[in-house]
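The structure appears below as structure tokens.
We just call them A, B and C in the order they show up, numbering each chain from 1.
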Amino acid sequence: MRLLDVEGLSKSYRQVGGESTLALDEISFQVDEKEFSSIVGPSGCGKSTLLMCIAGLIPPTSGTVKVKGIKVNGPPQNLVLVFQEYNKSLFAWRSVLGNVLFGLEAKRQLSSDAQERARHLLHLVGLEGFERHYPWELSGGMQQRVAIARALAYEPEVLLMDEPFGSVDALTRLELEDALLRLWKELKTTILFVTHDIDEAIYLSDRICLLSRRPSRVVQRIDVHLGRPRHQLATRADPKFVELRNEIYKQISDEAGK
Amino acid sequence: MKLLKKINFAGLASLGVLLLLWEIFTRASPLLQLYFPPVSRILLSLYQLIFSWELAGHFLASLGRFLSGYLLAAAVAVTLGIVLGHFRTAYSLSEALIEFLRPMPSVAIIPVAILFLGIGDSMMVAVTVYACTWPILINTIDGVRNIDRTLIDTARTFGLGRWKALGKIVLPAASPYIVTGLRVSLSIALILVTTSEMIVGGSGLGFFILDEERSLRTSNMYAGIVLVAMLGYSLNRLFLFLERKAMSWHRGMTAGE
Amino acid sequence: MRWDGESRLNGLLVLAAVIPVWELASRAALVNPLFFPPMSKILKSFFLLVLSGDLPYQILLSLKRAAAGYLLAALVFIPLGIAMGLFDWVHRSLELIIELARPIPPPAMVPVAMLFFGLGDGMKIFVIFFSCAWPILLNTYDGVRNIDRVLIYTAGTFGLSRARSVVKIIVPAASPQIMTGLRVSLAIMLILVVISEMVGSTDGIGHFILDSQRRFKVDQMYAGMISLAVVGYALNQLFLLFYSWLLAWHKGLTRKQR
């Protein structure tokens, strides 16, 4: 079933001088239920803008976004966006546990076992023991995990993630990738993941949507037929992985050459 | 067209409505008029007062006390602040004294000043100086103490003597802090001048406003309030203007942050 | 301003030295004993007045009025500041009125208050209410305006209604700045209660000090001033305590940022 349907999405901005710049150019793609989809593109190509439009936080200039067939007019009730700037998105006045509980509060699901569920989510992201800490006491990677746990507490049907592992060191990133895959498998959410890291996209996804530079259009839709579960070493050494990567790199350099 | 956008129509509208309602309701009710004379009458009083020498005398008296107190305080406090901020021993000796006197609201010094200096101009200027000294002093000390070590070393590596360094480097580097203190003191000075005029009487806008209230000449009272507010506003604007000229380097620097 | 060990000792010695110096100078008539009664006499008066309950009574009267005006101002102007920060039309409508009312020096409102309320508590409460308005209002407004956009988007993506985001996100995020406004207003409150009691009152600590001077009970005048300094200090400490309790998270955050 088509969970997410983006059709002809365009976004332009009016500049100070009066002219407008086109950031997104008629973007169209679909995401199926329980799928892990990635959007890959060079830095600054407007991936964040695209996610914000899909999340209903900013209005597109033209085109539509449909979640479960219903047109998006504001933040949809069954969708959550995890922001790139986690340090600005997390609530400094709440503890780690408090932040995760917020996800439950937002859905008005503060039952007696709320604390238990929040703790369980923290356990899933590997942060047990840090419940009473404040976000600023944690490292960047840990903060991002809190943000992810908070989003998952909301139990969204669609989870949008804006370069969540962008400012995390390489080793932590691999850990987080696997943790995310475990979470995805257990919670059976649909994930739309934005990244500029091609390897990461291939490793994580079922399908990849490749965007060009600004003004962004969809260059190609690629299916990733690598088996699951994925393994950091085995999957990345798989010849199909290398093939996919080469194909994508070729697409990118073709685009750059234009 | 762009200028049109800058004019705050909503603001003007609500202000206009407020004044209109004031005018209408007070004209309709003599009882209300005791407390709120109609706006038109207040404006009339204001107009009449401005062109009478009586109010000019009060205005100049207040302005004179303000300037004397404020400028004297600035001179004393900046100098003292630089000394205390720069010389460690002086600071350590005076720190406890400062922290002890600070929590006491400066207005409490008025009776002491009356005791020592009677009820004339000198008393009013003295309390103003006392009150204004605190923000300027503390901010200056802060500013001098927060000067980057590197700047001091730069001065020394260029062979600047202690006093030259003070003038050429310490003062300019601490000036943003000093200016903050000066700005805060601006409103404090006006408060002290107005207050002492009310308590001691005789002349000045503070005395005028209180006196008109006692005589139930309410339009004059409100007119006096408008005038003292205009005085405060103009002083503020003047300060901002001078600050912009003197501190343009700092504005440019912090704008990038 | 920091206290390091040695500095503190030096300073306290100087402070302590004032007492004997004052005493000797006064008794030896080096200074006019009328203006400077011996410190022993002042301290004696101070303790007598405190123990007899006279001074505490006057202080309580003043604090009662001060607290009423202060709390009323907080109750009115914090919500107003939030409204101005959230709704631009509220800000624009009130902007001119505020800009006109703000330059009025607070003492100038004392005669107005006397006109309305005579010489009673109401007069002082009104003056304090008016004077504390601006720091509270403007700091609250600033605090709300300075909230990072990502935080607002986070509220949006979790589907929070306007009302819920005000309670759960806007107020906590703006609270450090709101506290700044409250702290500044605390000092103003104390100043204005003294002023209003000196100009138009028959009781209260402000009146007490002025009255003592008029009756040439100079030692009592100084005793009153000492008690006022003590009250000022105590209020400050109480506020710091309150601040530490409420904004513990903020202290940690700003300490890290330094």
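Everything that follows uses one rule, which is that a residue touches a chain if its C-beta (ideal position, glycine included) is under 8 Å from a C-beta of that chain, and two chains touch if they have at least 3 such contacts.
Since we're looking at a predicted model, the values are computed, not measured.
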item	value
Omitting subunit B while every other chain stays put - resulting connected groups	one piece
Most remote chain, CA-based centroid, reference being subunit B	A
Two chains sharing the most contacts, counting C-beta pairs only	B-C
CA centroid of subunit B to CA centroid of subunit C, Å	18
Whole-Å gap separating subunit A and subunit C, where each centre is the average of the chain's CA atoms	49
Between subunit A and subunit B, centroid-to-centroid distance (C-alpha), Å	54
Residue numbers of subunit C (touch at least two other chains)	none
Of subunit A, residues touching subunit C in the complex	52, 55-57, 74-75, 77, 79-81, 83, 85, 88-89, 91-94, 102-103, 105-107, 134, 136-137, 154
Partner subunit B, residues of subunit C touching it in the complex	1, 3, 6-8, 10-12, 14-15, 18, 35, 89, 92-97, 100, 103-112, 114-116, 187, 190-191, 194-195, 198-199, 206, 209-210, 212-214, 218, 221-222, 224-225, 228-233, 235-236
Touching residues (chain side subunit B, partner subunit C) in the complex	8, 10-15, 18, 35, 89, 91-112, 114-116, 138, 141-142, 187, 190-191, 194-195, 198-199, 205-206, 209-210, 212-213, 218, 221-222, 224-225, 228-230, 232-233, 236
Subunit C to subunit A touching residues, read off their complex	148, 150-151, 153-154, 156-160, 168-169, 172-173, 175, 247, 249-250, 252-253, 256
